[in-house]
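For reference, the structure is listed below as structure tokens.
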Amino acid sequence: MSAPALSTRGLDKRFGSLVVARDIEFSLPQGARYALIGPNGAGKTTLINLMTGMLRPDAGHILLGDDEITRLAPDQRVRRGLVRTFQINTLFPHLNPLEAVTLAVCERQGIARTWWRPITSYGAAVDEAYAILGSLMLSADCYRPTRELPYGRQRLLEIALALATRPKVLLLDEPAAGVPRDESRELFEVIAGLPGDITVLFIEHDMNFVFRFASRIIVMVGGGILLEGTPHEVAADPRVREVYLGARHG
Amino acid sequence: MRKTLIGLAALAAAALAAPAANAQGTIKIGVILPYSGQFADTGIQLDNGIKLYMKEHGDMVAGKKIEIIRKDVGGIAPDVAKRLAQELIVRDKVDILAGFALTPNALAAGDVSAEAKKFMVVMNAATSIITTKSPYMARTSLTTPQLNETFGAWAATKGGVKKLYTMVSDFGPGHDAEQAFQRGFKDAGGEIVGSVRFPVANPDFSAFVQRAKDLNPEGIYVWIPGGAQPAAIQKALAERGMDSSKIKIFGQGELTIEDALKSTGDTAVGTITVFHYDPNHDSALNRAFVKGMNEMANRNPDIFSVGGYDGMHLIYEALKKTNGNADGEALITAAKGMKWESPRGPVAIDPETRDIIQTVYIRRVEKVDGNLVNVEFDKVENVKDPVKARMKTN
Amino acid sequence: MSIVGAVTEPHAYLRSQTRWRPVELAFWLATLLPYVLFPDYLVLASAIAITALFALSLDLILGYAGIVSLGHAAFFGLGAYTAGLAAKHGWGEPISGLALGGLVAGIVGYGASLIVARFRHLALIMITLGMGLLLEQAANSASWLTGGADGLQGVKMWPIFDVFRFDLYGKTAYGYSLGVLFIVFLVARRLINSPFGLSLRGIRENALRMPALGAPSRAHIRKIYTIAAVIAGFAGALLAQTTETVSLEAFGFQRSADVLVILILGGTGRLYGGLVGAIIFMVARDQFSGNTPQFWYFWIGILLVAVVMFLPNGVLGGLARLGALLRGRAP
Amino acid sequence: MGPVIGVLFDGFAYGMLLFLLSVGLSVTLGMMNFVNLAHCAFAMLGGYVTVTLINTYQWPFLATLPVAFLAAGAASVLFERVLYRRLYGASDLDQVLLTIGLAFVAVAVAAYVYGTVQQPVRVPAYLRGSVTVAGLTLGTYRLFLVTVALAVTLVLVLALEYTRFGAQVRAAVDNQRMARGLGINVGLVFAITFALGSGLAGLGGALAIEIVGLDPSFAFTYLIYVLIVVSVGGLGSIGGSFAAAALIGISDVAGKYYAPQLGAFLIYLVMIVLLMWRPVGLFGRR
């Protein structure tokens, strides 16, 4: 039995008296498709921030495969294959998609340190970036500055940037946030079509997508994990109903 | 980009059209001064001296018309001063370089004077070595040791103190003054019980005054540049109970310049300073000088003005002697040994060092008709720069 | 720009981005004009070339990596004093003095980068400012070495290649400064078109995203900061050598602030911004202060306000936008 | 011990001067992210207003202070409405260029109108000299300065905590977008805050003459100190500016007293160390 792709043990994080993560333990098997759900303020994005190193946990451990990564810097984690996207577009407004994705490819290949040779002499990196853009249907837009792209395209570029790092584990923070419904489906089709060896965890509010695209679901409430199970189990659990209905009432 | 280029070309073309070649009967003087920035007032008061002299004596000398070209060096910037000096000679074809309020700028321009063999008159900058930079250079202001070594000896003998604390600004001129004063004071049997140097940009003096007070000296010697600091340190002395009613305060004249006395109040009374010029100097020539300056610029002249005024006098008289020949060699030969009566008293250009020889005045702040003024009560005549005198004997 | 379209092949596109444009060639040819047209202005032209080099150095960290520095004169001063001290103590050979100036500035720059790379925003600006001022004070205190406030005395340069003497007209000075500027520009141009240059633009555009792409942003920043320090050191060394003067104000806040204004005036992140800014600022200053030595900075102030109002993002940024607007309107 | 406390008090008073000069910039920077490097030009304006009223119109010193405050505030509103507001969305660098340009113009105008000479101001006799309290010699003017600064701080803090306008300011500093969402006219709140901040700078400029003098270079000379206080204190924080100004003033004076050879270094060292420890400033949040 191989080690899980990503796992955590006893993860705690608080800001003053506010507990944002409490004893978080879960593990993602290789190639899994997990959804992370929970009401607003449940600590979903915080958890992603903890796992990717944007926040330091107060206690607990994070393992990528067999390796402890709790103390690694964010960029070191990415180089080991733990990659995220952002809920709010976090892109390079004045670069175009070709430049942005080429940048990510160059960083992965370690050629981004080179300053005495022009980028044009790294044809393979450019080709790879162009291919990734093509696979996400972005080739037509790849010379337009990012800030001029339609919103839905920018969401795709978020994923393209992540893919350019060749992730082992991909954490998608509401990949379809703010995207109209029909475009969202397109986006999730892209996610579903990701190579099978990439382990995916995504945050999503729309239960239709969650049930369709996730093999298992983690439910978070108030900084802790409420339960983890198959879509079927989660749908049937009365506590989940309570959380969502309660949250709606509050 | 193309537009930029066209614009630049236009600018440059406009610049080209500016100075025509030297007209036969014109002698051009390039004046380099800080007209802007922290030292702007120095530059402007010096320039007022130049203007007043030309207003009184006309712009024709030995049949030639005098034309002044002014350049702003903006502060301590030797690279700019040197560039401006080069440009004045290359572009504007000046015959004489003048002005120079600040030592580093004068030193840098000295190279240009030496290379281009142009007569150069330093009208303020006071570090001793400046005139060694070019054989065509003369100075009409002062040297720091000239005043302070003399004053140190005076303080130990006639000043009635044997234990002094010294406080100076922590940069070249302050170091020079500290060294010169302490040398004069110790050679005459005094003892320096302590000393401190404060940062050049120092808005608050209370800590340094307290340090001096802790040692309980008989007196304090202060060297400080002009500007806002004289008033600030006088006030700090008063606040810490160290004003001249309780302890003897000595300093170079900047400490009690007119502007400072206007805001210090009576606590400055009794402060003893050394200087080579004060608008209250009692002579007919000076009264006319002060009157002329007030008519022209609506303010009293100061040491900078008298430096500029005497500098112009030196240029005019040298040109008269050379009969309008503006060659550097001719002018400096004419300038050497020249003697005249300045608003500050009798002065001369030392033929050996091309530095000024003048009377050094000891003054005390007193209240006269309700105003605080520096009253001269002792003097040392015909003082040369002691540093260069020593260089020669060694 | 005309080839933008779905069918363009990415390699061709990237090559088109890095190709020399005619206007660039025209610009560099025009830099030789002073020899022919304005031989009386070579001294000024040399000072402009040096300032342009200094601004280019700042552009690399500000325009390409988004690091605002108010203490960049620290490296300028180090280069100036190193070259000056070498010449004072008997080694007046310019080229090696220049290299030495860059080297010393680069070493200190690398040390400073270890701190600088950790900060952003106001803290970064103020830390760079503080380091610059500390260095200035240190140079003032070490007057046995630096000559203190009087400046370094006794700097005497040998002729370049043992042939070209530094002359009163600035012929050698301008040729030397321009040559160094051009060579450094070529290197800088190559740098920004490299993968590293792309990563720098990434840092400027979104510093938060870079680590999420696995980019060692701090290492990148350390590297470009060191390179920029070397170039600033070259600029300082050039000034020391061509004017044979060095003084404390080489480290001064004013110099740091001026070069920042010059770069913003020209336009950041465009490589030519610092060059154009230096030309405009210094020619304008020369002309204004020639006419009114006392109040020239009034007109400089008006010039700056006008540029912001009518040409936002600097002269080049404004012109680029104007150009795009005109092209947009054209059929 | 006595003299030491006196020296520290002097440092505190000096810090209070810095506080008055910088608090306005801190709040406006925190609220609108507008980099106003012409801030000290408004302080200079306050100084010149006081000088003119005293020397030309023989006003008593104290009576000129409110006028200095009002004049600087009014002038700043004019500039805010005509020039600054156009650049709220622009880059920081454009804001730097604009406000540096304005500071240049201000310096030139001051030099043209008043000349480059140091402006003499003689404060009334009851503010000169020193008083001895419990064996401590304290400068009268410094006591006055501290009193004014403490009063200003008290008024500011109370107004910010307990008035409707104060609540709006806090909301706008905290989160501009949300404040707009709540129906707060952020533009107006900012304009008023800007005027208040510049007015305080004007008051600081008037009070500063007695300690540091006044000439046209004032607009640039004190910019560095103001920026130090703002960055160390933390953007948008009155308490932060107060603490930073006091800390810088005291450590500056104490450093000069105990280690004068470090005199010029100390203020920068303190700043660098504090910023490395807390990059967002003592009381900053972002």
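When the chains are written out, they are named A, B, C and D in that same order, and each has its own residue count from 1.
Note that in this section a contact is a pair of C-beta atoms (placed from the backbone, for glycine too) under 8 Å apart; a residue touches a chain by one contact, two chains touch by 3 or more.
What you see is a predicted model; the values in this text were computed from it and never measured.
Among the other chains, A has the CA centre that is most remote from the centre of chain C.
Here the CA centre of chain C is 33 Å from the CA centre of chain D. Rounded to a whole number, the gap between the C-alpha centres of chain B and chain C is 36 angstrom.
If you average the Cα atoms of chain A and of chain D, the two centres end up 46 Å apart.
Between the Cα centres of chain A and chain C there is a gap of 41 Å. Chain B has residues 36, 40, 44, 170, 199-200 in contact with two or more other chains.
Under the contact definition stated at the top, the residues of chain C that touch 2 or more other chains are 137, 140-141, 294-295, 297.
Shown for chain A are the residues in touch with two or more other chains, of which there are none. Here the touching chains pair up as A-C, B-C, B-D, C-D.
Contact residues on chain D toward chain C in their complex (touch as defined above): 83, 86-87, 90-94, 96-98, 100-109, 111-112, 224, 227-228, 230-232, 235, 261, 264-265, 268-269, 271-272, 275-276, 279-281. For chain C in complex with chain D, the residues that touch the partner chain are 68, 115, 118-123, 125-127, 129-131, 133-134, 137-138, 140-141, 253, 257, 260-261, 264-265, 268, 294-295, 297-298, 300-305, 307-309, 312-314.
Taken together, the chain B residues at the contact with chain C in this complex read 1-5, 8, 11-12, 14-16, 18, 33, 35-36, 40, 44, 70-72, 75-80, 82-83, 86-87, 89-91, 103-104, 107-108, 111-112, 115-116, 127, 129, 170-173, 175, 199-200. Against chain C, in their complex, chain A makes its touches with residues 52-53, 73-75, 78-79, 83-84, 86, 90-95, 98-100, 102-104, 106-108, 111-120, 122-123, 125-127, 129-130, 139-140, 142-144, 161-162, 164-165. Note for the complex: chain D touches chain B at residues 3, 6-7, 10-11, 14, 111, 115-118, 120-122, 125, 128-130, 137, 139-142, 210-217, 221, 252-257, 260-261, 263-264.
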